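Across the two complexes that follow, chain A remains constant while its partner is chain B and subsequently chain C.
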Partner chain A sequence: MTLDVMPDVTRDTPRKAAPLLEADGLVRIYETRKGLFGQPVPVRAVNGVSLKVAQGETLGIVGESGSGKSTLGRMLLGVDPSQEGVVRFAGAPLPAAGTPAWRALRAHMQMVHQDPLAALDKRLTIADQIREPLDIHARGNRAERRARVAELMQAVGLRPDQAGRYPHELSGGQRQRVVIARALACGPSLLVCDEPVSALDVSIQAQVVNLLADMQAANGLAMVFISHDLKVVRNLADRVAVMYLGEIVEEGPVEAVFAAPQHPYTQALVSSVPAPGKRLDGRMILKGEPPNPAARPAGCAFHPRCPHAVASCRAEAPALVPTAAGRRAACHLVGGADRLAA
Partner chain B sequence: MALTDIAAAPAVRRPGLTTRLRRLVPWSVAFGMVWLGATLFVAVFADWLRPYSITQMDLMARLVPPLTPGHLLGTDELGRDVLSRLIQSVQVSFVIAFGATILSAVFGTTLGFLAARFRGLAEHIVIMLADFQAALPFLIMSLAVLAFFGSSMVLLVALMGFYGWERYARIARGLAISAGAQGYAAAVVQLGGTPARVYLKHILPNVASTLIVSMTLTFPEIILMESGLSFLGLGVQPPETSLGNMIGFGREYLTTAPWIMLAPAVVISLTTLSISLVGDWLRDKLDPTIR
Partner chain C sequence: MSRSHLVQIRDLSVAFDGVPVLHGIDLDVAPGEAVGLVGESGCGKSVTWLAALGLLPAKARVSGQVRLGAVDLVGAQRATLEGVRGAKVAMIFQDPSSALNPVIRAGRQITEALGIHRGLKGKAARREAVRLMELVGIPDPARRFDLYPHEFSGGQCQRLMIAMALAGEPDLLVADEPTTALDATIQAQILDLLATLREEMGMAVVFISHDLGAVAQVCERICVMYAGRIVESGPVGRVFDAPRHPYTRGLFDALPSLTGPRTRLSPIPGTVPDPRALPQGCAFAPRCARAVAVCSLQRPRLEPDADGRALACFDPVPADARTPAEAQHPAARASAAVRAVDEAAPPFMPGPHGAGPAGSGPDRGRWQEAAQ
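Moving on, here comes the complex of A and B:
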């Protein structure tokens, strides 16, 4: 998880460009208080996460609810501060949230939210909202902004006559298109999508995912795609990072990870995806729920639910180490020793 | 666009337009607008509309009932024309009530937004001031201030303006905090918007409906508060007159000459009713989700 093991990994990835976004040892601790006078209990929502995203690359982040995916996404944008570690964007550490430098950087890194209706101001027309980043970052004059809004609306598949509509007059898929158009208005180089399709109908999901893929191809932007939907991530991402309880347990090229998962948790996740015509026999079904992040199990956080757990799993937390070409995994049973958990 | 049409309505008398307008606004709201427009007109042009001076006494015609020739609304115990005094009162009370309502709304909302923006110490100070204001009997504070500095129009407006602010501060703070936790405000922050843009362009229009309703409540309260102060002799000083002042002095003649008191009472009731009607209508019209 430290920087010194990272170069080995990136050297093997298909893209050799310098990373656009680089996170190193990110930690985010929330404090929860039990009862009125209870001691605050620290909850490590994100626990030492390091990752890199190259220019034009899509990194999928998958994991269960509560695994820290969304918090990580917000930290990558600098919206949430990290207690430890650093996020570098284009080589420079992110400025503190709310500072003018941070605000100016918003033109280069944007977010697509999960719930498009909540993310839009219900009192402004969608054209006004798509134009807002252009107003904020003072791009072009009035006519140029109007032209850019029309261009963006066309690019995301909204009709020109919908410009004067209000968010509640649009369907869920159209609202998400508005949010995507707004995020792309200033031509960012990084887009963080936090569960962008999970609030949408299945029939609309594919359209929005395709739209995101098209937009990425057209604009060459890097994308961090946070989702619990493995199929969507598999379609869209170049690399995938699997999170469990605030830590990355496995990372690698998306096809390789999903075809031959190394970490037992990834194996369980992959086998949980239903496939038509296949029976449920022989699947690895996880028992229990993810442990409370406030009471993190000793050793490997996954060991209480892991079917392959051995004594060392309870004692010592495994490090995220390179295992194969471009892949990393955090499991005692994977890697150096040839005891692949198959 | 709808608003300008309505404002222009009384002047234009084409049948096509009135039919269209009737479809646009319910008759109760139309009544409220016409009443408010008329009162506003009276308040602005009071000096030209008054048939007599407010101090001109006609001792031969004391306490004459309404509809007496020359005194449409009758006269009071000193033979002063009630209509003239009513017109003057509308002007004085409107200046006080509008000035104070706007002052308290602006001051309270600003403090509330500042508290929501900075939280921490700033929030504690604002809440403490609001609690202090709420705990202090306002009438006693007004008495103290007016007794020390003497009564003047400016002081009265300022004092009344500080009456309602704590309510706006609380409402604005609560709404801004909950709006900040909602997606749209966070999304604008995330787009790089400055706090001023987030609060003025996004949060304020979204919470304005609640504030407008609160203003329609404050307005009559301030008219009544001013009446109370005038009645105690600390508000508008005679021979100058206000709606509350007229009611206060007309009270003694309630059984023998009720018109002295009824005229301003009717004006207060109709004005507050009109403000509520128009305020409610305006709130719904400004909300694109209710159409």
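Moving on, here comes the complex of A and C:
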């Protein structure tokens, strides 16, 4: 085997027009029981989500806990099966989870989780863990794998002498670097990051955010970046999708969406970001909490908390429709945007 | 000693198994004041208050003074401490659902606190508990009195915790990362609630958080901690407008912003030092872009400043530097980058640059130079 099966991480991959990842009408229904012997209640964790991610592009997904963003992330990789809808990767529908075809494809689509300590094996050295995907996907021979591990460790900012360390001997930021190195080992073209910096301290968070940006620039990776932290998403993503109760309520270029959010929920979310030096006054504080997904409100799911809700919001769920260049929003009042502003 | 202080902490030190983690904290809280304690995990911001209230495990060695009125809490009898906890100083924690007892109805947990601290029983206790639940913004409290904690959402569990903390009508509420586990819109609600309660009840609040933005919204005064010491303190407005300790400034520079141009983040290089192997001089010196020779030899003392703040730094960031982002001059940044390569090896990979959205800009060039 020659080295050219090893991905050349320094190559700049040109962006292609066709989306690398395309999801169409994804639905994920969990069943929960009320009480021990109660009737199972279907919970639509993800409710008809469609999105596209181009090669080399970063799509941020923001939303509160329970909005379905993590479930969506797993569905995009096929880890969590969808009841309806289809995920296409590089033009072809994802094979069923667990099949050899799916396993082979997983070399090209990797995941980075929030808690690096849980994602790492406590009893394996970090070099072994970074090498594991290479073993699984039979990349290169022994010497090549060892060289690749060294290269990856250097790329993510780990010292060569740390190769023999165990996860508990590293700091939180270093552990996340190990997880990122492992995810990059097979040279994936898509990385799904689920809250990758949420567990890290501010100064370390910035190191890992920069690392992800560098890795993406160097490898031409497409990235789905799931986070509740709007500031981090704005820094990393090209486009952003805002989720509420399993649905995308607004989507568009990240700077435009956060500078002038159209959906009332996005407006509240942007307004709730505490900025150093900004007092509470004048902020839009939402009443109430996100509803239980098992008891989804009729009409627009956001209407019980929406300060602008009108009669049609209670009756009819708004569709996600184009509102401006590259932007979509699901709100009856957007489009007739002047009514909202008034 | 001044009478005007509610709590006076002097030279509070804590060691676990012979490893000092808190190195002499001096901190005063005036009645009704809101003080923020910020810093990264392990800096001692929570330990300070756990030690003050005698909540640390027995193996912790605590020295110094924590005066509450005429009482010194360090080494005080259990009975003395129990008269203080909840009644004079109450504390709420990060994870409300694990701080509540899962098998006792929510309302009863509040009446229990009311019974202990105010001697209320039966109907009177229930009435007061419902009033407290209403005060902290739990909708329909009378009906929800008999629910179990798991039937409340995370934000509402935190409201229940706050209601329990208020049961003893404390003079001081210590809130340890109270909004960290909550969603953004709920976090805004809880911060709003804390600010309102403080105003209405005239209670002092100590707000412990790693979130500079959240602290700014509730507090008047802020103490920034690093490796078991306070490195900068002062009025929130002044510290936030012009942070002068390089660590404080570094924290601001590392924060991404929701407005303005998208720039590459400026992390603080390296990591927090191991408390077992603290640098000899200033604990921040190995990560500091402004460090001079003396910083690695001598430890700067926390000295009061002319403009009402206190600062522990030999070479602080000039006060006239306008915004944190502009503060570090290019030379300082470049040297920070060099240091980062030496110590932590920065996020960097050789290859074509300027290809990605965050991959361009002058900073990037410096990182490359530094590495080559």
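As a convention for this text, the second predicted complex is superposed on the first by the 320 of 342 C-alpha atoms of A that agree within 3 Å, B and C clash if a C-alpha of one lies under 4 Å from a C-alpha of the other, contacts with A are read in each partner's own complex, and residues count from 1 in each chain.
To be clear about the criterion, a residue touches a chain if its C-beta (ideal position, glycine included) is under 8 Å from a C-beta of that chain, and two chains touch if they have at least 3 such contacts.
Computed from a prediction, not measured in an experiment: that's the story for all the values here.
> For the three-chain model obtained by superposing on chain A, do chain B and chain C clash or fit?
Aligned through their shared chain, the two binders fit side by side on chain A.
> Once chain A of both complexes is superposed, is A:232 in touch with chain B (first), chain C (second), both, or neither?
second
> In the superposed arrangement, which partner chain does A:273 touch: chain B (first), chain C (second), both, or neither?
Touch partner of A:273: chain C, not chain B.
> Pick one for A:58: touches chain B only (first), chain C only (second), both, or neither.
second
> With both structures fitted on chain A, tell me whether chain B or chain C touches more of chain A's residues.
Answer, by number of touched residues of chain A: C.
> So, does A:166 touch the first partner chain B, the second partner chain C, both, or neither?
first
> Tell me which partner A:203 touches in the superposition: chain B (first), chain C (second), both or neither.
second
> Name the contact category of A:77: first (chain B only), second (chain C only), both, or neither.
Only chain B is touched by A:77; chain C is not.
> I'd like to know which partner A:182 touches here: chain B for first, chain C for second, both or neither.
First partner only.
> Identify the partner contact of A:216: answer first if only chain B is touched, second if only chain C is, both if each is, neither if none is.
The answer is second: A:216 touches chain C but not chain B.
> Report the closest approach of chain B and chain C over their C-alpha atoms in the superposed model, as a whole number of Å.
Superposed model gives a least chain B-chain C C-alpha distance of 17 Å.
> Share the list of chain A residues that count as touching for chain B in one structure and for chain C in the other.
In chain A, no position sits in both the chain B and chain C interfaces.
> Show me the residue ranges of chain A that touch chain C in the complex, using the header's touch definition.
9-12, 56, 58, 64-65, 154-159, 171-174, 201-218, 220, 228, 230-232, 234-236, 238, 255, 258-259, 268-280, 283, 285-286, 288-290
> Of all residues in chain B, which touch chain A in the complex?
182-184, 186-195, 197, 202, 205-206, 286-289
> Touching residues of chain C toward chain A in the complex: what are they?
Going by the criterion above, the answer is residues 40-41, 139, 153-156, 183-189, 191-192, 195, 210-214, 216-217, 237, 240-241, 250-252, 254-259, 262, 264-269, 271-272, 344-359.
> Name, in rising order, each residue of chain A that touches chain B in their complex.
77, 79, 98, 103-107, 110-111, 113, 115, 117-124, 132-133, 136-137, 166, 168, 179, 182
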